[in-house]
Structure formats: C-alpha cells, structure tokens
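Two complexes are shown next, each including subunit A; its partner changes from subunit B in the first to subunit C in the second.
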Partner chain A sequence: MSETTFSARDFESVHTDEAVQVIARPSLSYWQDAWVRLKDNRRALFSLYLILALLAFTIAGPWVWTVDPQTQDLDQISRAPGPAAQATIVAPYVPWDGSTLAPPGTGLRLAEPATTQAVRLLWEPVEGARGYRVYRNLFPIGEERAFGLPLFDILDPLDTSFEDRLDLKPRNYFYSVVELNPDGEPTGAHQTIEVDVERVTTLEEAAAAGLVPEGAELREGDSVELAFHPLGTDYLGRDMLARLMSGARVSLFIGIFAPILYILFGVVYGATAGFFGRWVDQVLMRFSDFVVALPFLLFMILIRVASGVQPGESGIAPLVIALVLLGWPATARLVRGQILQIREEGYVSASRLLGAKTGYLVLRHMIPNTMGVILVTLTFAVPSAIFTEAFLSFIGMGVAPPEASWGSMCNEGIKTMLTYPHELIFPALFISITVLAFNMLGDGLRDALDARMRGTE
Partner chain B sequence: MGRYALKRLVQGAITVWFIATATFFAMHMVPGDPLASDKAVSEKIRANLEAKYGLDKPLLTQYGIYMGNLARGDFGISFTQENRRVNDIIREHFPVSATLGILAVVFAALGGILWGALTALNRNRMPDIVIMLLVILGISVPSFVFAALGQLTLVNINNLLGFSLLPVAGWGTVAHMLIPSLVLGLGTMAYLTRLMRSSMLEIMNSDFVRTARSKGVPAPRIFTHHQLRNAILPVITVLGPSIAVITTGGFVVEIVFAIPGLGRYFVQAVQQSDYTVIMGTTVFYGAFLVLMVIIVDLVYGLIDPRVRLE
Partner chain C sequence: MGMSTTQVATEESFSRSAGKQLAVYALAAVALLALLMWLLNLLASLTASAAGSSTAVDAANNTITIRLSEEPPQLDTTLLTDSVSGVVIAHVMEGLLRYDQHQRLVPGMAERWEINAEQAVFNLRDALWSDGEPVTAHDFVFAWRTALDPVNASEYAFILYPIRNAEAINRGELPLDALGARAEGDRTLVVDLERPVAFFDKLTAFSTYYPVRQDFYEATGGRYGADADQLLYNGPFTMESWVHGQSLDLRKNPRYWDRERIRLDRINVAYIVSDANAVLNLFKDGKISLASLTAENLAEAMEQRWHINRFMDGSVFFIEFNHRPDRLTRNRNLRKAMLLAQDPNELVYKVIKIPGYLPGESLFPVFLDGVRGKFREEYPAPEHRMDIARARQHLEKARVELGLDEFPPLVMLTGDNPVSNIQSEYFQAVFKKNLGLEIRIDRQIFKQRLDKMTKGQFDMVLAGWGPDYNDALTYGDLFASWNLNNRGRYANPEYDRLVGVAQGSLDAKVRMDAFDAMQRIIYEDAVLIVNYERGQAYVTDPRVKGIVRRAVGAEQDYTYAYIDMDG
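Up next is the complex of A and B:
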C-alpha cells in the first residue's frame, strides 16, 4: 500500500461561482404569473388592446373629433358613410309654372336636370284621362306595382307638368305618373322614369352654413365641400361618429360601472355569509336564491317604473340601480364558496394561531385569494350589462332620445334599416365588438388566473 | 323522488311568494297616485279599482288584499281598458309567447347538442373552426340585430322568389313561427354549443369511453350510448335558466316581428302605465319560470340519479 501524501492545497475548496448554485427561476407572485400567462395568450392580449382602443375612442375621441353630436346637418340627413360630399352652386330657386320649352322627346321626362333644389317633370296629355297622380319611390316599380309615396293629384288632363321639392336627397328616385279615371281613381296605366338627383346649394345657403372657404370667390357652377361625416349621419342629420362616441360613454359607463358596484356588493355579501357560516350563511344565501329567481328583464323594467321614470324618458341611474339590485347574487354565491374553501386552508389556521383577528384574516388572506375569481367574474359581467342596456334601450325602456347609447341608436336605426342600413350597422357593430372583446379577455383571464379552471376548454 | 319533488315545490311556492311581494312593494314605490296619470282613468274604472284594492286603506291592508286575490288566481283588472281582466289578457297572449318560447328552446337545445357534438368530434378541424366562429358571433351580436337581419333576409328572399315563401311578420300559422323562434333561440344555441363542446371533449377522454372502445363497441354506439348521453347532462342543467332567458328575451322578437305575445303586451302596458297588467304579468312570468326550473330539475333527477342524493 503506497503512502499518499496530502498537502494543505488539497483541502482548499475548488472555486465556485455563487450564482451557479441558484437553480430556481426567480419566484413569481400570483399576479406576475398571471400576467405572463395572459401575455402568451394572443387572443386575450388582442382583446385587451381592443378594449383599450374602445376606451380611448370613448374618452379621448371627443377631443379629436370635436363635432357636436346634437347638431343637425339638415343638408345631409341620413347620409351614408364616405368622403365629404360636394355640392354644385346654382342660382336661387325660381318658381316654375311648367311652361318651359319642353326638351325633345316624348313620354315622362325631365324638364331640366334634377337637383336637390327641385325635380321638374313633363309628360304628354293622355286622351280620356281625368288627371294624373304623381308618385315617388326609392326602388324600381316591381310586379306588385308599389309606386311609393303619392306626391300629388293633378285634376286637369292638360296640366302635364309637376315640380317636386319634397325633401330631396342626392340619390336615385323612381317617379311614376299614373292616369286617373273620371272618378279620380288611378287606372292601371302608368309611366315611370328613373331620376338621378344632383346635390346643389345656393351661394347664400353655402355662406350661411359656413361652407365657403375664406377669400374664395364662388360662382354658379363651382362646387363647395359640405361638412365631413366619415361615418355618415342619422335620420336627423346628426354626425354618426360623434354620436357613437357619446353613446359609448353611456353604454360603457353602464356596462362597467354597474358590474363594479354589484360585484363589490356581492363580494361583501358572499364573504359575510362564507365567513360567519351557520345560520347567517343560511339566511343570506336563501335570500340570494330568491333574488336569483326574479325574472331579470321584467324586474329591470319594473324597477325603472318604480323609480318614477315616465315612458319615453331616459333613465340611466335607475338602470344602474336595477342592475346592482338584481346582479349581485351570482358573485355572492361564488365568493361564499371560495371563502368556505379558503377558511379551511392551512395558512389561515396558521395565521389565526399567530393571533390574527377576523378582519385581518378576511382582508389579508381571504379577499386577495379570491381576487382572481372576482376579476374574471367582472370581465364576464361587463358584456352582459352592455347587452342588458342595449336590449332595454332597444325596446324603449332604457336610454331615450335626446341622450344616445348604442342600444338607443340601434332602436332608431332599425326604423330606416332598409334604406339607410349604416344607422343600424355601426352601433350594432360597436356593441358586438365590445361584447366580444370582454368575453375573449374573460376567457384569457380565467385561463391565466384560475388554476382550477385551467384547461377546461 | 317524491320527497325531492315535494321539497322543490314548497321552495318554489315560497319563491313565487317572494316575487309577488317584491313586485307589490316595487310598484307601490312609484311616486304619486297611479290613478292620476295624464291618461285619465275613467270614473267607472277608478271606483272599481278603489273598491277592489282598498286604495284608501293602509299599505299592509292593500298587500293583504293583493295577496288574497293572487292566491285565488285573480290578477286584477286593467287600468287602461274597461272591464278587461288581467287574467284574460294573459290567457289570450301567453299561449303565443309560450309557443314561440318552446319552439325557440327546442331549436336552441337540438342545435346546441348537434353542433356541440359535431365540433368536439372534429376538434381543431374545419367544422370545429367554422362553427366556433359562428358561435362567437352568436354570443356577441345582440338579439335585435338577428331579428332585424332575419326579417330583412326574409324580405329579400320573398322578393327574389316573387312569392311569399314565409310571412315577414304576424302570427297564426306554423310558417309565421319558424324564423322568429329560430332568431330567438340563436343566442342560447351558441351558448349551448360551447357548453356541449367542452362537456363532450371531457367525456371523450374519460375512462368508460376507453373501456367501451377496448371492449370493441362500434364507434356509432359509443357515440350514442356513452358519449352523447353523458355529455348532454350539463346542457340540461342550464336549460332551466335558458328557458327564462328565452321567454323574457321574446320581447324584442315579438316587437320586431309584430307577434301578439305577452312580452309585447307587457312593453305596451309599461308605456301606458297600466300598473295592474305590469304587476300581473311579472308575477305570472315569475311563477312560470320558477315552475320551469323545477320541472327541468326534476327531469334532471330522473336522468341522473346522482342529483337526488344531494
């Protein structure tokens, strides 16, 4: 056996880097972990940006787009979205007696180019007719002979001219002249003409509306640019973009504020029931079962009536109150369940052993540990509150004119759905996008925050 | 089962009492004299109402009279229409709403189960992606937009065909009912599809399905006897609340399609401040919904015996 000799050097520790010893990743708090997970979820992140954009639209929008949502632009009623419209300047209106030199041709025809100032029609006298009835329609005359709006009855067979000045829009119209029999009833015979109406204005009107650029010398035949409405106007000529912004304030206020209030109440209620347990729990939860059983929409309306809002009036405060009164039980039940569970956890017992008081336990351990669930509930509560507001405003039981919300705008828009679909489409689109964004964010938050629900879908 | 049913019925009765009480006190919070509105109530009606409800007596006495009448199934007399009992109004208009609602629930449930199963079986393939996109649309678009679009499509189809394939509005025949009930059920159908899909996905990975497969049970039989039957259970649980959502959601569809249902009548009653009709309709609807939830729960108990043990 050979002898091994050791020197002092052999007992020196090999140099080690302290940092290498640390093999754990930095510890993440619950919220940091949730944020990391949320950031990885592209759909949730996208919906978060969408919501931020909607909030910016609502809050900062009116500073960028300063058009007053109440102002009526009577030149451009129900205008479809698009670039600013041009109007040709023409001479002021001169009454017409139908005696202009008839342009060549026969049958129903225009006496002069049709403008929004006047449409002047001419036709030939018809043998045996007692007179004529003039109609205007927005659509071609089909099989069923729907002529549209009757404009005038002419009871003289020789009077074969008509001037229309009724609320003319720059669009295509179908004018029909139907012969009347001796009893003044329309016979089947009719002539129809399609008329393309040009947008015109006079110098005075343009000046009065502030459309003439400074220092510009305008003559007849020139064109001026009318006020710009990127998303068009509604049936009273109000700017859609500005109205959508002011509607967003109402819709999002109700949609976000009411859920915050009722979830807060639900948390307090549920925490009380869960923490005290026994008969307190029994009584409180039985009562919440009753509230759940109330028919939701009927009671929304009932509470509105009960707070003295007359039909046709706007009731934002009653709407929020009703949502709070009826919305809390789901949160209360959820939080109670959570508290019952957390109450039995080891760290709560440990804390109690160390002398923690009830209030401290609730505030330090119970509420923070239910925050994730509460936040998810809140995110899902927003779209349902927005839906409720829209639904009620739509049937005229929520926000009423002149105040705008997305729901009440839909209510107004549906009346002109066939002719001016943009008045319904835009507010409906905003409701859908908002609801969609909050739902997707809710899904993402649930995946990120709630470990137990992870991977259920 | 009998005890369970009885317990649920007693609970239901107490809930209906609570709904009636809440309705009564809510309506008595309305500021001012309900009879002194601008839509003048005729002397005859006024005298009748005061005598019947003891409107000059204290609130609690009125409450007693009201509950007594309700217990006898008497909802009172309309404020705005002479000699029209609320019971008659409900009898006349509710069957319409109920038919609409039942059809909508059937559409929603069948559609939800079918689409949900289809998406789960084709997970992450084309049918799944397309249907789930439609589901997202169904969940985020408000019902009145569907109603408006449904009507618009109908008008266009009828115009295109040159004859009336399906009526655009009104009520009476089966043809009138199809589109409105479909529109009414659409939102719930989307929700149920989502629920069915996740429940089906869970079942597909469960042990008993694997066992069945290993025993050599043919795939169609596994689908009908093992997967579908178990996956439907969560859908049935939410069917009770869904009936509530659909029947009260009928308001909009009834208004858009001009259907003479109770929902439309209720909205009219609110506009005319017809308090007895408002109260009667609310209590009636509330009782109906409570009953529906109980029935669904009992059916659930029959299908899934585990529930009764709780």
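Up next is the complex of A and C:
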C-alpha cells in the first residue's frame, strides 16, 4: 500500500477558465430578441418596409405630388397612365352655323382643321334626299356597312354642315354622311372621310389649369404641355395618383386608428375579467358574448342614423365608432385566456409570496407576457378594418363625394373595368398590397414574439 | 456548429420539397376548379336549352326574344305609372287612338271621332276582348271612373281631368256617376269636357284612358293586372304567361281587329336585367334582339361592327331648385349665379359622352310641335352663355340679400345610377370651382328620392320629366303652383296664368306664344337649370326590322317589327 501524499498543489483548482463564466452573448431583452428574430424573417421584414413605404406614400406623398385630388381635368377624362400630352393653343370656341366659306373641293370635307374642340364637316346637297344622318366610327367602313355612332339626324336636304363636339379624342375618326329616304330611314348612299383630330386647348383653359410656365408668353399656335397624370385619370378627369394618396389617408386611418382603439379597450377589459375571475369574469364575459352577437352592418347603419350624419357628409366617424364598439370582444377573450393561464404560473405565485402588489403583478408579469398575442391581433385587425372600410365605401356608406377612399374608387372603377381597367386596378392593387403586407407582418410577429419558439434557432 | 449546418440543410431540403408539394397542390386545385367551371357551364347550358328557345331571332316560329330592364310592378292600366309597364301594356292593350310607326295618331278602338270645345264623340269599331266579348263604350266609362275613384288613389288620375267633373270626383266631392263620360249604346262614347282642350285626341292614346271591362275587373277580386290570367287583352298581343321576376311571354292575339298588321307570332321577354354589361353580353351571345349602350361600351359596339341606332326618348333632365321659403335657393340671385356658372355643352360632350344626348336649352324638348313646324324652331330657346364673372356678381348680391358671411353647404339630391352619380360629382366640382359653393350630394334610390322631393328635403335635385302626351303642356304645367309634381314649390302668378292660357285655348298660335313666354320665365327667373334631353344609343339584331322607338307612347314598339333573315 503506498502512501499517498497530498500536496497543496493537489488542492488547487484544476483550471479556472474565465471564459466559462463570461456571458459570451450579449444579454437580449424580450424586445431585442423579438426584433432579432423578426429580422431573420425576410417576408415579415419586407412587409414591414412595405408598410413603411405605404405610410410615407400617404403622409409625405401629398407634399411631393401636390396635385389636388378633386380637380377635374375634363380634357383628359379616363386617360390611361402615360407621359404628359402636348396640346396646341387655339382661339376659344365660337358657335358655328355652318356658313364658313366652303374650302375648295367637293364631297364630304372638313370646313377647318379638326381639333378636340370641334370637328366641322361640309358636303354638297344631294338631290332627292330627305336629310342626312352623320356617323362617326373608330374603324374604317367595311363590308358590314356599320358606320359607327349615329351623331345626328339632319332633316333638311339643304342643311349640309355638321359640327361634332362629342367626346373628341386626339386620334383618327371615320365620319360618314348617309342619306335619308322620305321615311327618315338611312339609304345605302354614303360618303366617308378619315379625320385626324389634333389635341388643342385655349389660352384661357391653359391659364386656368396652371399650365402656362412662368414668364412665358404663349400665343395661338404654340404648343403647351397638358397636366401630367402618371397613373392616369378617373371618369371625371381627376388625377389617380393624388386620389390614391388622399384615399390612402382614409383607408389607413380607419385601418390603424380603429383597431388600436378597440384593442386597447379589449386588453383592459380582458385583463380585468381574467385577473379578478369568478363573478366579475362571468359578468364581463357574458356581456362580451352579447356584443359578439350584434350584426355589424345593422349596428353601423343604426349608429350612422343616431349620430345625425347628414346626407352628403362623410360616414367615417360612425364607421370608426361602430368598429370600436363591436370589435373589442375578440381581443378581450384572448387576453382573458392568457391572463387566466399566467395567473396560475409559478413565478406569479412566487412574486405574490414575496409581497408583490396587484399593480406590479399586472404590469410586470401579465401584460408583457400577453404582448405577443396583442400585437398579433392588432396586425390582423388592421387588414380586416381596411377591408370593412373598402366594403362600406363600395356599397356607398363610407366617404362622401368628392372625397375618395380606395373602396369607393374600386366601386367607381368597376363600372369601366373593361374600357379603362386602370381605374379599378390601381385602388384594388393598393388594398391587396396593404392587406397582404399587414397579414405577413402579423405572421412574422407571431413567430418572433412567441416566447415558446425561442431557442429553436 | 456542424450540427446546426445539417439542420439548416435539412430545413432547406424540407422547404424545397414543401415548395414542390405546394406547387403540385396548387396545380391540382386549379385543374379541379377548371373542371368544376366546365361542369357548371355544361349544366347551365343544359337547363337553358330546357327552358326553351332563347335565341334573339327564331325565324321558324316567327319569334323574337327581348329583355326588360325591370319587371312591371303590375299591369292595371288605371294605376300604371312607369315606362316599362307602359311598353308591355302597349303591346297587349289598345286605347281609343294610338301612335303609328311615324308617330302619327291613328284610329285604335275608335273608328271615327269628333272633338269640339265642349264635347268629344268616339264611334267604336267592332273589336273584341281576348275572351271573345266585344269592346264597348261602357268599358271606357268604367275604366275612367275606376281611375278617378279616390279609393284607388291612382297617381295618374290627373290626366283625366279634362273630362267634366273628373277633378271633383277625384277629390271625393262628387259621386263617380257624375263623370262627364257616357256610353250611348255599346258603340258610341260621348265625353263632356271641363274646358276646351287642344290635345284631347292625344290624351286618349295614354294608358290611363285604356278600357277595362267591369265584370272581369270585379271577378279578379282586386288582383286585376297582377298576373297573365288576371288581365283581359284587346291589343295586338296577349300575355301567355308571366313568371314574376323572370319572363313574360307575349303571343299574337288572334282576336285583335288589325291582326293582319302584326307580323310577329311571339315576343319572348326572356330576361329581366338592368346591368349594362350583362345586357351587352346577352346581345353579343345572340340571346336578345335589342340592347341599350352606355358610354363605356360604345367602343366595343363599333369594334363588333354593329349597326348602332339612337333615338331621343323625350325626357328632359334638369336641376330643380327648392323654392320653399326656408331655403336659400329661394333667392333668385343665387339661382341665377348657378345657372350662369355652368355649361350644359360641357356636361353632355365631355362628361356624359353618349350620342343622342342633346345639351339642354329649354324645358320644352326639340320633338314638340309648334304652330306649323317644330316648336323649338319657331321659338328658339333663350340663349345661354356661361359667364363666370356675371355669375359671381349675382352670387355676391345673393350673399348680401341673404345677410350671410359665407354660404353654408347646399344639398343636392340625386338618384343612384351611373349617369346621375357622374353628373352630381361634376356639378359639385363646377359650383365649387366657379362660385366657391360647397355642395353635398345626397344619393338616394328612386323611391326615397321621390319621398324627399315631395317633402322638400333638398336645396336642389337632379330630376327629369318624360312626356305623357304629345303636347308642350305635359312639360309646361309642371311648374304651375298647383301641380303636385312641382316638387320645388315654384309659385309665380304670371306663370300660372300662362299655363291657364295653354290649357284653355284652342288657338295654336296663342298657346305656343304662352309656352314661349314660359320658357323665357324659366330662364330669366332661373326656376331650374336644364341639363340635357336624354337620348339613347342602342343596337338591334340586323334580322329584326321595323322596331319603333319613340318619345311619346311605348318607347319600344314591336307591333310593326318583322323578321328578315337576309339581315
């Protein structure tokens, strides 16, 4: 048996690795941690940037694009998106009785150059005709002998002039004059000319629309650049971009303001019910069940009537009130459930044993632990509120004209969907993008804020 | 570290395979959806063909298919008010006189007639009801008494007022048998007139003047005109069936006195739709033989190389002001300012854009007859020029007269249809830009709008008026102080006097002078702002000829129509 001798050396620590004691990673608070995980979620981050861009579009947009959303540019109604158009300046419109000195030539011809102001036609009287019917077509006259739009019936064989002012666009038209038989029915005999219409404006109109550059002396025959509408115009010539911006203000205001209000209320309500439990909980939650049962549309109309909104006034205030009054129960239920669960957790009991007061418990433990749920509810509530506004404006219960919201713009755009699709596509696109962005952000937030998903990275 | 890389790798491969799966599912879903659509389409076409022929033109059966914009509320001629019912009833019933394809008044149930200042005598022809009984003078007397009976509250009772005692009976002051209309035998109808009426012959073509047979009316127990078998027919067609909300089936009436004239055997009203795009699609698919066009689908109609027609339906549309004492619009200068600040040419040519609309110049539309020619050619409308400077002067005067610092918002009542939506927003911007006036738009459905008009809950209203008979008085008496359709309660003794002259005189020149004075008062006093005379652009199936569209009478008339397969 050998004697073991211990020296002092043996009783020294084998090694002291300082590194083990050091917290290598920076300490992250709950929010920092959530942010880190949100940043890893590319979809959510992209949505966040999208929402920020939308907010910038809404708030800062009108400073950059200063066009008034209510100004009607009647010369450019339903114009598709594109660069600004040029127009030639001409003298103001003077009524015409057809007595211009006939320009040389025979048959159907122009009395003067065709402009968007008026197209003036002349022809020779036809023997035996009772009168004439003047047509305008977008296409050349083919085999079908379809002459296009009948513009006017002239029931006097000697009246051989016609002035067209109906919705003239800068393009080429085919004008036909068809003879009428004694019954006033068109016969086969016709003359057709192709007319190239030039876009014009008057000095007065150009000045009124602010198109004359400062210090410029414009004369008739000069060319002027018409108002620029990057996203086109609507059915009354109003600038789509400006209208989308002002519409965004309504849509996003409702979409963000109303949910914040009712979620705040729902949190307080649900927390009270969950924390006190027992009969308080019973009473409060049965009342919230009652509110859930109220039909939204009916209630919204009732509030509208009760709040004395006059016809022609905006229905936004009653809409927000109705949303707030009816929207909170879902949040209240969620928060109550969370609070009931947290109330029984060990750390809450420990805290209570250590003498924590109610207020401390709620603020330190309950609310932060339900924050994830609350934020997620909020991001999902936003798109639903935007949709509600769009729907109500669509059925004519939202904003009052001339105000616009994305929903009311869709409502107007759908009527001309086939001819001028841009009037529907842009507002619909904005609604879709906003709703999608908020939904994806909500998805990402749910993942980022859920404490149980920590450590899965 | 290595551990986590593999994890990432698996995650990546997982997401890749998940993506693949997702794509497969999406594809399958799309394919299924397409299949479902195809099946539904197949089913729909099966049921459609089962429901019977729904092609626009069926030459073998001499049948055409048409659509109506809405269903007739009912077809009791003593209560009829709307134009859709008017179209149907003009095909199945006939009055004493009627309009032909050239808008001339021709004999109907009456073979001969004589009208003087006190009396009208109609000699009826040998005509039969659809059940084989003869049409007698008693049927007319009964119909008119029924329409005037205060119990029935017919909205069009006033159109019978030229008959002696009619107005008193309608007010309940006289018994029904006091009416100045009597049957002398079965074939002679004698009508005593309240006052000389220059256009009584034209009135008898209106549906309220149509006959109703007493025994049949009473046998229906209050359901007269509610169904195909609750109505007796004396017109070119009879109604074979009426499926409410869906279809009406009109067949040629073998007992109609002028049956040789009728060339169609059947008119199948297979669709009751008002949506413009749906109507156009039906026409494109060859399901209906006539479709109206809107500004949006004109280009499409041209591209399809369709033969486009237009006609003026005789309706005049205007902004009617509220002249009640508590309204700002009672102030003439304010109205004048608004009148001068707008240009109907701009509205029609740039905003409405439908060929056939005429910029409004006068309450009296262009189709009305004057002394010899057309009224508007003999008496041109007051010349209107937009003049913003003058408009602003009037506005300033109005502001001072009313003692206002600035004008409160004015309420513009309007209907809920595409044209009036655009029109109201256009005027809102015009009055804002040119006068700085704030306009609030009150959009209401037709019934609600009428109710608000009657109660006077508006400053101005976008309204219109269609003719009941072919005489300027149908428009002129609209603003007489006693007329219930004068919703703005305009009251002007001079105007009333002129209406009295036009009602009571038989001298065309005197009457037309009165109408001219009326159109001048309307402009000078800015009683209303005339916007436009409505026109309609429409397309017809090239194989159907002879469709008549007109301002007075049934606006669609197929009694002269025939099928010509050569197109």
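Quick note on the criterion: the second predicted complex is superposed on the first by the 305 of 457 C-alpha atoms of A that agree within 3 Å, B and C clash if a C-alpha of one lies under 4 Å from a C-alpha of the other, contacts with A are read in each partner's own complex, and residues count from 1 in each chain.
By our rule, a residue touches a chain if its C-beta (ideal position, glycine included) is under 8 Å from a C-beta of that chain, and two chains touch if they have at least 3 such contacts.
These numbers were taken from a predicted model, which means no experiment stands behind them.
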After superposition on the shared chain, which partner residues are touched by A:I431: those of subunit B (first), subunit C (second), both, or neither?
first
Should A:D289 be classified as contacting the first partner (subunit B), the second (subunit C), both, or neither?
first
May I ask you to decide whether A:T419 touches subunit B, subunit C, both, or neither, giving the answer as first, second, both or neither?
second
A:L74 contacts which: subunit B (first), subunit C (second), both, neither?
second
Please indicate which partner A:E12 is in contact with in the superposed arrangement: first for subunit B, second for subunit C, both, or neither.
neither
Taking the superposition as given, does A:E127 touch the first partner, subunit B, the second, subunit C, both, or neither?
neither
Counting only touches as set out at the top, which of subunit B and subunit C does A:G148 meet: first, second, both, neither?
second
Once the shared chain is lined up, is A:G396 touching subunit B (first), subunit C (second), both, or neither of them?
both
Which partner does A:S307 reach: the first (subunit B), the second (subunit C), both, or neither?
first
Shared contact residues on subunit A - subunit B and subunit C
142, 311-312, 396, 418
Subunit B-facing residues of subunit A, complex
142-143, 289-290, 293-299, 301-303, 305-308, 311-312, 383, 387, 390-391, 394-397, 407, 410, 414, 417-418, 424, 428, 431-433, 435-436, 439, 456-457
Subunit A-touching residues of subunit C, taken from the complex the two chains share:
102, 277, 295-300, 302-303, 305-310, 345-346, 348-351, 353, 355-356, 409, 411-413, 416, 418, 421-422, 424-426, 428-429, 432-433, 439-444, 537
Mind listing the subunit B positions that touch subunit A in their complex?
14-15, 18-19, 22-23, 26-27, 29-32, 136-137, 139-145, 148, 152, 155, 159, 162, 194, 198, 201-202, 244, 248-249, 251-252, 255-256, 266-267, 270-273, 278, 281-282, 285-286, 289-290, 293
Complex contact set, residues of subunit A against subunit C:
70-72, 74-75, 77, 136-139, 142, 144-151, 165-167, 183-184, 235-236, 310-313, 396, 400-402, 412, 415-416, 418-420
